[in-house]
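Across the two complexes that follow, chain A remains constant while its partner is chain B and subsequently chain C.
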Partner chain A sequence: MTDTNSKSPSLLITATVLGGLGVLLTYVKAGPERFWINWIFWFVLVFTVGIGSLFIVALQHLVSARWSIPIRRVPERLATLLLPVTPVALIGLAAVPVLFPGARPEAIHNKILAGKAFWLSLPFFSVRTVLILCLSLMALAILVRGSMRQDKSRDPQFSVRAKRFAPLFMVLFAFIVTLVAFDWIAGMVPEWYSDIFGVYLFVGSFLSALASTTLAVIYLKSQSRLTDVRRDHLYSLGTFTFAFTVFWSYIAFAQYMLMWYANLPDEVNWYRDRLHGGWHVVTVSLAIAHFIIPFFALSTRDAKSNPKRLLKVGLAMLGAHMLDMYWLIFPVLGIGPVFSWPEVSFALMFLGGCFLWIRKALTWGEDMPIGDPFLREGLEFHL
Partner chain B sequence: MSDSALVGILPEKVRKDTKKAPASESAFVGGLPESLRPPSLIEGKVTPGSLDDQVLAFPGKRPPRAWFIAIAITTTLLLLGASMFCYTIYKGIGVWGNTSPVFWAFDIINFVFWVGIGHAGTLISAILFMFRMRWRNAIARFAEAMTIFAVICAGIFPALHTGRPWLDFFLFPYPNQRALWPNFRSPLLWDVFAISTYFSVSLMFWYLGLVPDIASMRDRTKSKLRKTIYTILAVGWRGAASHWRHYEKAYLLLAGLATGLVLSVHSVVSFDFATSIVPAWHMTIFPPYFVAGAIFAGFAMVVIVLVVVRETMQIKNLITDYHLDVMNKVILAMSCLMGYSYFMEGATAWYSQNEYIIHAFKNIISGTYGWAGWLTISCNILIPQLLWFKKCRTSYFWMILVSIAVTIGMWFERFVIIVISLHQDYLPSSWRIYRPTLVDFSILLGSFGLFFTLVLLFARVLPVIATSEVKSMLPGAQPKRGGHHE
Partner chain C sequence: MSERTNMVVGLFDSADALMSAIGGVKDKKLGNLEAYTPYPIHGIDDELGLRRSPVGAMVMVMGLLGALTALGFEYWISAVDYPIVTGGKAPWSWEAFVPIMFEVTVLFATFTSGLGMLFLLNKLPFFGHPILKSKAIADITRDKFALAIESDEKSAQRFDFDAAQAALKAAGALTVEVLRLPEKEPVFTSVFLLRTLGGISISCLVAGFLMYWTIKLFPVLPPMSHMLDQPRLIPQQSSKFFRDGLGMRLPVTGTVARGYLPLGLATQDEAVSLVNPLPRTDQVLAVGKQKFTERCAVCHGSLATGVGSLTAAYGAKPANLQSQQIRDYPDGKIYWVIVNGKNAMPSHAADLNVDQRWAVVHYVRALQRAQNAHDDDVHL
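Take a look at the complex of A and B:
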């Protein structure tokens, strides 16, 4: 993600501003539906990277991993994306009456929607969104701010607190990701249900955060920072990416296969929408981009620690996650796959904004969590 | 950018950074909080020689009295089960409680239960190996053995469930004069492949790990008969560097294969249910949820057996309190995943607003079998929450209590899934209550008898701990620093 980060921010600022103008124009020219679908896409995309990064941090505390301590600051900094994404989510609540059939008054006449009208209604939807945002920011404060403070204080008590908080975070994380999946994505197709859907978004979130972390580590190394991070560390990141690529495919296949096999009208609409009207191309591309390419690109032992290969796979993985979110969200519009100036404007604005933020975030705290009592052990890690 | 350029020379700023890092974690240990101290995976003074004496000598000794009492009980159960097994073949499966519409009952419950028990071994030997979790080294052998025994127990039930077990070879697809071909679209056939692959890979993995230890036993034993048997089983292992090189490569490859199997086997088992359109069976979360449940039940069984083994075989210095603590943490994590799955299933049933699914889920917590539903939830979700407390994770009483609860709960979970969902189908006039017969119970007890008989025999004739893997954790075994996991 960060490799396109230019030396001077002026290019990024220009891109963001230009994108912003296009975004405003989208609302006027292309209509609110097109505007809000893009808005939700970018909210979900950035949020999954942010919360996934926080998951990586918490996972390390949970299992007392040592190898990853030298790179832990990277996902900690990436997790701060949760801060700018909060107002995006709050503004996005305005999309609910536009794109969420369950929140519209005529939902009462639909038997299925009437039964869960309260759940789908705008007030309760907003309460849940505010709740998950608060929980995410709280977790961010505990895990990331505490870790950055440890740089100076060298207080091992933080490590104790983080280790204690980590299991609780996992519970919160499951809650947060499941709600984002069901509210912000599946909520736009409220008749459809699939209880694996939270797990599906979790894997995507974890993978995109892993890819961002890998890219940021490689970028920092190219800037002669994090020089003590060696191939052994990269290998572990590569292995995780490889393993969870397979896990993503497993979850995606399980959901597809079971719905295809049972062929129930309640469920197959989801896939019918994504296999017709031009969308089948996106569906097949998704399988190739999210499984086949990373699987074969990372199969060998050498590929998992080769920075050049990891750089390419990391970019491809982020692209695949974007495609995944596009595939989940855009078919709601009921038209074929669209990609035109509104999407480009949104990409300019949000990518530009994210890179500006990450540029800044990469200067927060030390490059490594130097207050961690086990940093030395992590630096000495060898396969 | 090339890798050498990346490693490069340390720039001044970074060199300063890493200097700021604590010189070593030992500098902290004085002031390091208790909970951060690296755990001890081996207690007391253990040398490679003393380890061999401790572990490899056991199969040669006369077992303690308790062993004879235990095997007397388990073989009795086994004989009971075997006799009822034969009775079923003689009379037909009408002697079971299965009726319309509950065509699947104890046979499939027991099958899923035992396949699940096997998963802990594969997880410990393959996935934890991949994660470089070194605490697995001491317990991997035993857990792998339990995998194999559990899959043997599991295999009995579908074989008998077909009704005419002498025709079970029909299940295998091969060109034949009968012009019969199995239905490849049926998940029941996928099961045949999944389970047989699982069994073969687990067996190979287990045997491969055993070879160096069998060779050591061959060299140690005085008895001629044992020497002959161990010589054959050791397949010419002399511990040469080339042997180890091949061994390590094969171990890694099999671990990689088995990693996929941990997920695939129980997923395929879950497809037996989830591909159908029976309400409460057709759930997309079934594959990962079955895998989590399998690991959950398997770990509980491993804890129960390991507690007994470490007490009776005096290997508390190798299987330490820390091992039990971590395994209980895994049980707790899996319990939380189960809780998530149960919650998602119930919530999705409501969210679907589909009256059939809602009805099926209401049946789980109310109605004739409501007690089974609540028993499952209590044993699998509520009781394991005790493991949040360190005291419970390290006390025999509490961990055994939780593990037994989990074993009961996971058996009843399959009862809930199978019997409750089937006993009321789409046609209310054919609804019927299922009642198991004595034959059902006897075969279930018999499978426990078989499992524990095999476990007891294994402990008697083969080394229960992989000595070479534990030796790799002894001081000085690693080029840099051994001890704790990275």
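Take a look at the complex of A and C:
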């Protein structure tokens, strides 16, 4: 550890504590709605990065990928963000009576909400949330704890078990991400329908996890810790990111175009809220930040393996995912785009907390899954 | 790469031997370097110094071009040339264009990558690389690795076979084989022309007979006959659809055709209050003259004196519009007669629209004034 590293945790702790004070002040000064909307934003943001990282891990097991074994420990460590996000989600259940119209007593007067009363009620909402948290933690235990144990035991049986579990995980993952999307985001606008919304959140989740993984790999390389990871591995990460920015825009546009065409009142309100007033700028910025910039920044072959370019694109991609979540969640307040001291406080607290956690997580286990019998094959991976 | 080339091919035992040989041979700059191996070797393209394939850039340019082509075309057909409101959307709705822009982008991009790769970069039609006629090819497809120094057609004269052989031997080649530029054969021989013509004639004959027998043997279905067969009402025909059995329907009571608002004045005297809304301009008088000539002059005469070309044959007595009584009429009374008719004169409401009737009134006034001019009408 160098000097700069020993200094940064105190900085991070200061930021987190300062942010925490601002968060408390938000509840008192700016009101519970502003407080809980920020809370849900950060829960969804951190959860999508965590579950997306776990998806990357499971995907590599599912297809028996060899190239990714040297960097697999990075998403495994990032997936441990699911641990601190669990209490965040449980506390966030208190937001349900504040921000979710379906769980409020006046919902019985609304014909649509009354029909869905059981699904939208706080008890069943809590049951679903606890269920997805349990499933996520179970998958985390199986895939990540097992992988870290393999460092010492060198037991090849884990690789077999992980490969068997991976298909089941894919089903669970679809279930988890869809429920988070439908409950925690779309639940705040319960009259609105979109079948593809779960897929939309999945792409954001996968992309943000890919960006985090890329950034962490480049950081570890700069610390001379993943020296055996070469351009070829970075190229694969860059290609994944490139491909899924296109997939994101495909899903985002498909959802928009169908609703724009049909122009049905229960669907189109979602976009009316986001295309008028101050939100129009955010919508256009989102399309540019989430598709146009990463698409052209990663188009060429060299860009996909260039650490400097990947660093910039990774940061931009995380920013775009934040903007995406902001665009999904904040219009619920019914006012224009807000960004003021409450948002800054929440960002300080949660980003500080996440970085503290990741700092710690990056020391867990070996930097590479040295117990994986195919590690050597992954190190020799050549394009 | 070209079909016609001078080559010197050296065989090596292993991929490593080939890779280590490349550097030394490349430095001597004897010609283009090419490797022929039983399986792909990682990193060999960098070692050979092969240029990066331009397919990516070509696809990017053509893909963007495809997107712009589709956007421009759709904009032109939907918003400029034939704008139709569909589904309540404005003619210029970019959202509706995106799927087609996407498809055309993909079309341009795939054709560019596929055809560009085959024809521009791999030089199709390119049958039989010279290496296929070498002795070394049997070993290359089994367990040997070949490094070749090649010349393109332009530098073939300057190609130094001895230096190339020496370079490959020095680099550790097991065997070295020389493949010389094959003799150039003329393309347009009489045999070639006869074969081409024969091929075209036979293809035409086969296609013609196939077409003939297909139409002959299989019943030809009229395409898209559904619109002809749909149930519909025919003018002047009965219909079982309506209870009274009439196909043509009367309009709803009180229906007024556009531009034919009824006057609502029962008698001519009530029409006194009407005021001619049209200005007395050349255009209005021209319309009035044309309509008067078409509709009125046959009976009232072209000077409105009540003596027209039909008067004698018909035996009627049309009004003399130059009479003092009619000259004293206010405009509204003349208008009322045009609309309702008078005595034997039928209504002209169906023939002249409102503006045309008033234009005729103006013209009648002009005729009256022309036949009863004062001296001071003439400006000297």
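We take it that the second predicted complex is superposed on the first by the 375 of 383 C-alpha atoms of A that agree within 3 Å, B and C clash if a C-alpha of one lies under 4 Å from a C-alpha of the other, contacts with A are read in each partner's own complex, and residues count from 1 in each chain.
Definition applied: a contact is a pair of C-beta atoms (placed from the backbone, for glycine too) under 8 Å apart; a residue touches a chain by one contact, two chains touch by 3 or more.
Not measured: the values here are computed from a predicted model.
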Quiz item: Which holds for A:171: it touches chain B only (first), chain C only (second), both, or neither?
Solution: first
Practice problem: For A:382, decide between first (touching chain B), second (touching chain C), both and neither. | Solution: both
Practice problem: Using the superposition on chain A described above, determine whether A:300 touches chain B (first), chain C (second), both, or neither. | Solution: second
Quiz item: Just chain B (first), just chain C (second), both, or neither: which does A:261 touch?
Solution: both
Quiz item: Which partner does A:251 reach: the first (chain B), the second (chain C), both, or neither?
Solution: first
Practice problem: Mind working out whether A:25 is in touch with chain B, chain C, both or neither, as first, second, both or neither? | Solution: neither
Practice problem: May I ask you to name which of chain B and chain C touches more residues of chain A? | Solution: B
Quiz item: Which chain A residues contact chain B in one complex and chain C in the other?
Solution: 257, 261, 382
Practice problem: In the complex, go through chain C and note every residue touching chain A. | Solution: 42-43, 52, 56, 60, 87-89, 95-96, 98-99
Self-check item: Footprint of chain C on chain A - complex, ascending
Solution: 253, 256-257, 260-261, 263, 299-301, 382-383
Quiz prompt | chain A-facing residues of chain B, complex | solution = 1, 3, 6-11, 13-14, 17-18, 20-25, 28, 31-33, 35-36, 130, 260, 263, 267, 271, 274-277, 282-288, 333, 336, 340-341, 344-345, 347-348, 350-354, 388, 480-481, 484-486
Quiz item: Once bound in the complex, which stretches of chain A touch chain B?
Solution: 65-67, 111-113, 115-116, 119, 154, 156-157, 159-160, 163-164, 167, 170-171, 174, 178, 182, 193-199, 221-222, 224-228, 230-231, 239, 243, 246-247, 250-251, 254-255, 257-259, 261-262, 264, 266, 306-308, 366-368, 370, 372-377, 379-382
